[in-house]
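So the structure is just underneath, and the comments pick up after that.
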Amino acid sequence: MITIYFFAGMKEAAGTPQMTWEIEETTVKNIREKVKETYPQLHQAEFAMTAVNEEFAGNDETVRTGDTVAFIPPVSGG
Amino acid sequence: MITIYFFAGMKEAAGTPQMTWEIEETTVKNIREKVKETYPQLHQAEFAMTAVNEEFAGNDETVRTGDTVAFIPPVSGG
Amino acid sequence: MEQKRNYYITEKPLDPSPLIQQVIRPEAGAVNTFIGTVRELTEGKRTLSLTYEAYKSMAEKKLEQIGREIEAENKDSRVAIAHRIGKLDISDIAVVIAVSSPHRDASYKGSRYAIERIKEIVPIWKKEHWEDGSEWIGDQLEQTAYNEKGPEEGTS
Amino acid sequence: MEQKRNYYITEKPLDPSPLIQQVIRPEAGAVNTFIGTVRELTEGKRTLSLTYEAYKSMAEKKLEQIGREIEAENKDSRVAIAHRIGKLDISDIAVVIAVSSPHRDASYKGSRYAIERIKEIVPIWKKEHWEDGSEWIGDQLEQTAYNEKGPEEGTS
């Protein structure tokens, strides 16, 4: 199982801070597709940065069961 | 009477934080001479910056009775 | 005690003093501190309050990474950074950065680097609340938002 | 109460917090603070303690002048500066500068200007105490000391 986190505007658009996906192994690219299928209103899933296990990771990154994937919309801290 | 202040190394060299001069009107230049006469060991009186009534002032500045003149060796605060 | 850590996200009001104390040490003669506070007016629009949200565990890692980057650039620098989340009122402190170094140049440089870097890589988001609505700042719907965004004109 | 003034010389230990609080305000989103502390090693020589002396009344005027210069350059900046005098131990705070402004650029610039300017025009002198003696720093016997002195490598 892979856990997927949403924050800020994406969390509000999804109506939830997280979803899970029962899969052994996939890629960040496939997770974007899965999220868009599940929450069609989450346009940001197409382009928002992503982090795997709290480190920024690109579309080709392999994601395995137990991993966490977070969508990171443009940050605005400071 | 004009009051003349010494600080830091000049104060230690003079052995006093101040001296007075009973004169109605003079210049910073003359005060340098007066100080060198009074405390020959105060070499710094030749070139240290001076302030009249708490504002930096040059050699030509007129100094009148009641004024204070301070010798300001190179500062090292901060 | 989160006040004993050099990099943390907190919901509590931020006090700069403990962070400053954590970087003061005999080898350092300079501490530069940057404090970001909630500004009332941004481009003429009146902010009522802000809400900050963080991906807390990753944000703390990224704050620490920024500190390590500064210490790698100048091995005698020491860094502490804290960011507040939750609801903040006008003039509340959102972020505190403290950088010590033997000489002042490196402390200014490190502190400046830290605030710029926070605005690039630390997963924290700000929602501005105005009289006529609210919006997540930076959370653009266009992909170009990443590439075209200029210097952040947020709280600081 | 000297803690309510924005520019002062004090013999008491310096706490940055009240100075920071004095410049925080709704229009400002950024506060840059510079803190100079007593460094143990300067060019490899071990300092035991420092003594600072000031021409107090003039020094406070000059600190205020520096603040006015910064606020003239950037009308939305606010400045507070305090300098400690007397005997200071290693790691003690000698100077605190706090500059607030709407955006961070001006706060960094103002803070940096203030510390450079203090080292030029504020009548404060530092005596370093080492194991083998002590010396007033900057109080050179040569007239050239004024012209040739490079960036001060004092406490900060």
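Order of writing sets the labels: A, B, C and D. Residues in every chain begin at 1.
Assume contacts are C-beta pairs under 8 Å (C-beta built on N, C-alpha and C of every residue); 3 or more make two chains touch, one makes a residue touch a chain.
Which chain is which protein? Per UniProt: A, B = Molybdopterin synthase sulfur carrier subunit; C, D = Molybdopterin synthase catalytic subunit.
As the structure is a prediction and not an experimental result, all values here were calculated from the model.
Peer 1: Trace the shortest sequence of touching chains from chain A to chain C and report its length in steps.
Peer 2: Minimal hop count between chain A and chain C: 1.
Peer 1: Let me have the rounded angstrom distance from the C-alpha centre of chain B over to the C-alpha centre of chain D, please.
Peer 2: 25
Peer 1: Would you mind pulling out the distance in Å between where the CA atoms of chain A average out and where those of chain D do?
Peer 2: 49
Peer 1: Can you list every residue of chain D that touches 2 or more other chains, as numbers and ranges?
Peer 2: Only 36, 115, 154-156 qualify.
Peer 1: What chain pairs are in touch here?
Peer 2: The set of touching chain pairs is A-C, B-D, C-D.
Peer 1: Any idea which chain C residues touch chain D in the complex?
Peer 2: Those residues of chain C that touch chain D are 15-17, 20, 24-41, 90-91, 93, 100, 102-104, 107-108, 111-112, 115, 153-156.
Peer 1: Considering only the defined contacts, which chain C positions touch chain A in the complex?
Peer 2: 36, 52-55, 57-59, 61, 83, 94-95, 115, 118-127, 136-141, 143, 145-146, 149, 152, 154-156
Peer 1: What does chain B use to touch chain D in their complex?
Peer 2: Its residues touching chain D are 5, 7-12, 43-44, 46-47, 49, 51, 54-56, 70, 72-78.
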